[in-house]
Amino acid sequence: MKALQILIDGFAISSLYATGAIGFTLIFGVSGVLNLSHGSIMVTAAVVAWLVAGSFGAGPYGGALIGVGASVIVSLVTYGIVVRPIQKSRAIAREEKEIFVLTGTLLWGIMVQEVIAYVFTNNPKTVLPLIGGVVNILGVRTPRTEIAIAAIAWLAMGLLWLLVNRTRGGKALMAAAINPRGLTLCGFELGSIHLLVWTIYGVLAGIAGVLLGSFLGVSSDNAGQLTASAFSIVVLGGLGSVTGSLVAAYVVGYLESLTAYLVNPSIRTVPVLLLLVIVVYLRPQGLLGRR
Amino acid sequence: MMSTPKTLLGTAAVIALMALLPFAGVGGYVLGLMTSALYFGVFAMGWDLLFGFAGEVNFGPSFLIGVGAYTAGLLNHYAHWPIIACVPVGALAAVVAGLLLAVPALRLSGPYFGLVTLVAVLLLQNVIVIFAGFTGGEIGLDLPDVLAISSRVNYWYALGVAGIVALGLFALSRSAVGLILQASGQDAIEAAALGFNVVRHKLAAFCISALVSGLAGAMLVFYLGTVSTDSVVDISIGVQVIIAAVLGGRRTILGGAVGAIFLIVAGELLRPVGQLSTFIVSAFALLVILFFPGGLLGRFIVREGA
Amino acid sequence: MTALLEVEGLTKRFGGLVAVKDVSFSVRSGEIVGLIGPNGSGKSTVMKLVMGIEKPNTGSVRIEGEEVAGWPTHRIARAGVGLVFQHSRPLHRQTVLENIMLALLPDSLLRLRAGREVVERARAIARRVGLANVLDRFPATLPFADLRRMELARAVARDPKVVLVDEPFAGLTAAEVADFSALIRTFREAGHAVLLVDHNVKGVAALVDRIFAMYLGERIAEGSAEEVMRDETVRRVYLGGEIAHASRPARATTDEAPLLEVSDVSVFYGKAQALENVSLRIRKGEFVSVVGLNGAGKTTLFNAISGLVPYQGSIAFAARRLAGRSAATIARQGLVQCPESRELFGDMTVRENLELGGQHQSPGSMAERRDWLYSLFPILREREGQAARTLSGGEQQMLAIARALMMRPQLLILDEPTLGLAPVILELLSRALETLRNTTDITVLLGEQNVTFALPHADRVYVLEHARIVWEGAPDRLAEEAGAGLL
């Protein structure tokens, strides 16, 4: 009974983690950026969805849609005013770009977070669930929205898979992650590829944010924690490896659920951190990463 | 661009002037702010030695700070050791913890070293919360002793520590060892081919960084009179340290102190705008990073062939 | 007398690739040995193995009889090995003098001050290498040759018994080459053992006592410069074997406007000049070869044409200037490069690689093109579903050419297609080029150091040497007029 509960809850939370982390790993793979404003972008999506669905009366679906839209906009702005200027800057030595992008996106994330806290306070906000009600799965009372969350997350990832594997733009995206110069020689503008990947990232982070908001509720204070967990998942799975992030998201999701149910909810992140240290020391390229 | 002796003299003069601040009619409240700022300045200078010179990005400066602070705090709270004993032991504990972290981590390259340091902070924070009965958890632990009651004396303590660290680290960064350290940070292979044990030099830099961070962390808790995760371990503390160092100017050592004072003073001046002050400070720091990547002190201290 | 540097049975594998295979040689005191081989031959890996930057899988490296294989780099350096890097990364915030002093410092955490004698020695060394007048300047303000002098000064400062020099003369002018040669001779006179690592025999012939030549990770020849230059294997590696080719119908090379016109193009990498006032014209349907040694500037020229590096001067394609257009636009307009480094998408299949090349056309046109390429390179059809990175070197080269051809180029730039390939593959490639030339109206610009591969197909040949075009003419006149400089 308890086992089944863990299985169901863990699945929902893991698929949510996976959606956010895959976006995170995708921009790392294609443009080499670890985006530390990730959490703030997720929070933006959730708060906008909450606002539009509730206060503006657009209903859960309208709210979700506009929330994801907001996330795409913030994501593109992040790229346009923080990441790209640093990458293009001549004043910053190449080997220092990484720390500048990290610091820059971090500061930008704090700015977004503070604006949200200022306008909407930092009280947790729960986005209207897409579906109400409860179903009984083999004796475990499960909110329907939990099933919807898993379904939507997987739908999003499935669409991403189709996009990457079945469309021209998607193929080019993967090619850019493998060999950007080769792609230029094939006549593709890397600039458009980067815009595409930041847009996709915005959609994925937005979906993850909105779903998280409807599942657990989100406050602007969560931004840092959300970035940290996406970062852990991505490192665990191997930087830049999409499949790795997917697997790692489930490892993290279940490890956290197990700890929370069986040991103590207050230390749910500890086993993950320990695992992370072990993996980084023993296999720094991550579970599925290639050197 | 300034020569080493001139910069050292100038710094000493600034420190002397700052020591006179309490006599210039500056009130206790402002002195309190400056005291915190000076301790943060020490953290930032320690971080810059590691990043700016040894080339290693430590995302978890608050791990070292926290170990120093909690070691000193716990010894004082439970064993009633005097402050004079707690502070050096705290600093040493930070060095030992730093070594345990760095010896395996320095084998890692690129973002992985930074990641390990980040995870170390999260783990430390969790350990403190898990053993809340002993450590005081999120609420924190009150300390029986404080450095001083007078805000003037507290300020002078902080200024003394920050001054010694500033002069010491700056001189070190311009010394022969500092030269080797920079070479190691810039191109480890070439430095090794010149016969330098790169790992040992980086480890030494890490230890010095840990020593000053742990020392200032321990002093800070005896100034605050309490030790809590929010004040010495939280990720946001580390973030502020890094922002202060980058804002002040990487590879300048002294920039860290300038950046820390700037951050705290700016935050204070922006009090009227309330919650938005963090936003404005972050925005300002972002603008500096984008448009003046050398930082506030970049122009004066960094020597870059034009 | 025992050798200062003795390498025996050295082997290094990277994954499945054997980069260095059972290599043995030695360098005695007062001897200069050249270690040569084309790109990918393993010579740089050997240098890194000696310095301890890479650890050998098996084999031994002895310095004055002491086994150092597997030691960390800094201990090998302390044991008496110095390396003059090709691309130095000086300390930018320190003066030239301080940069030299760095090399004189002991590996100690306790010596905080460099003593007077260190400063004096650094000054003396600077005088010896010709940097006396720039001691207080910052590296960023120095000309390229002085940066190399500084790199040399650091090696001298360590007073190593064994000196490794990576591409000693790359990017230097003739006068500077003479200077550097003189400096390197002083190492010999002082009794050091010197190992010069370079691409070609010619570059180091005047300086070396012996040469050790490598190809595909193995020794192929050893002896005096003359002996090695006469060696059959070396000649085959550098000049290619006899490649059969049918003579092709002469093209009408009328005086119509050139398809590609390069006028007075210069390129600088930092301070090093990689191209100097290069001009060339290619008419539609022509097959033009640019031959030159490694480092002569071929790749730079092609990258300038493709819009990948900034340049001075003008480049026009189909009578329109290319300046200001992105590399991707240039490629889409029909000026396609197949680079030396191939730049394949390693984790993608052969088919996916080809499709990425053909994405700017309709699916039908793409499929038709792909089928045509499969008939040109039948092996690619067999390998269709295989990841590009699992292909052999020759197959990868064919894929790279095929991917470029997928773009239906008007002008195809082929940069060093023969690099690191076995002779039997070269014949395959040669036949494919022949087919291409005889059955399509494509224009080709081929860059090669392998003259025998470059000549048979060419209508015209340019010779590039030290960043400049030094000869232009018909292929049959090349050997007598410009052949000497190419080994």
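Chains: A, B and C, in written order; residue numbering restarts at 1 for each.
The rule is simple: a residue touches a chain if its C-beta (ideal position, glycine included) is under 8 Å from a C-beta of that chain, and two chains touch if they have at least 3 such contacts.
Quick caveat, the model's predicted, so the values are computed rather than measured.
Engineer: Which chain has its C-alpha centre farthest away from the C-alpha centre of chain A?
Structural biologist: C
Engineer: Going by the touch criterion at the top, tell me which pair is linked by more C-beta contacts: B-C or A-C.
Structural biologist: Output for the comparison: B-C.
Engineer: Using mean C-alpha positions as chain centres, tell me how far chain A is from chain B in Å, no decimals.
Structural biologist: The mean C-alpha positions of chain A and chain B differ by 32 Å.
Engineer: Whole-Å distance, chain B centre to chain C centre, using C-alpha means?
Structural biologist: The separation of the two C-alpha centroids amounts to 46 Å.
Engineer: Can you give the whole-Å distance between the Cα centres of chain A and chain C?
Structural biologist: Taking the mean C-alpha position of each chain, the two centres sit 43 Å apart.
Engineer: List, in ascending order, every residue of chain B touching at least 2 other chains.
Structural biologist: Not one residue in chain B touches at least two other chains.
Engineer: Which residue numbers or ranges of chain C touch two or more of the other chains?
Structural biologist: Residues of chain C touching two or more partner chains: there are none.
Engineer: Scan chain A for residues touching two or more other chains and write them down.
Structural biologist: Residues of chain A touching two or more partner chains: there are none.
Engineer: Under the definition above, what is the set of chain C residues touching chain A in their complex?
Structural biologist: 306, 308, 326-329, 331-332, 336-339, 343-348, 352, 355-357, 359-360, 403-404, 407
Engineer: Going by the contact rule set out above, which residues of chain A touch chain C in the complex?
Structural biologist: Touch residues, chain A against chain C: 168, 171-172, 174-175, 178-179, 181-190.
Engineer: Okay, in this complex, where on chain B does chain A touch?
Structural biologist: Contacts found on chain B: 51, 57, 104-105, 108-112, 115-116, 118-120, 122-123, 126, 129-130, 235-236, 239, 242-243, 246, 250, 275-276, 278-279, 282-283, 285-286, 289-290, 293-294.
Engineer: Under the stated contact criterion, what part of chain A meets chain B in this complex?
Structural biologist: For chain A paired with chain B, touching residues are 34, 82, 85-86, 89, 91-92, 96, 98-100, 102-104, 106-108, 110-111, 114-115, 117-118, 224, 228, 231-232, 235, 239, 266-267, 269-270, 273-274, 276-277, 280-281, 284.
Engineer: Which residues of chain C touch chain B once you look at their complex with the stated criterion?
Structural biologist: Answer in residue numbers: 51-53, 72-74, 77-78, 82-83, 85, 88-89, 91-94, 98, 101-103, 105, 107-109, 111-114, 137-141, 154, 158.
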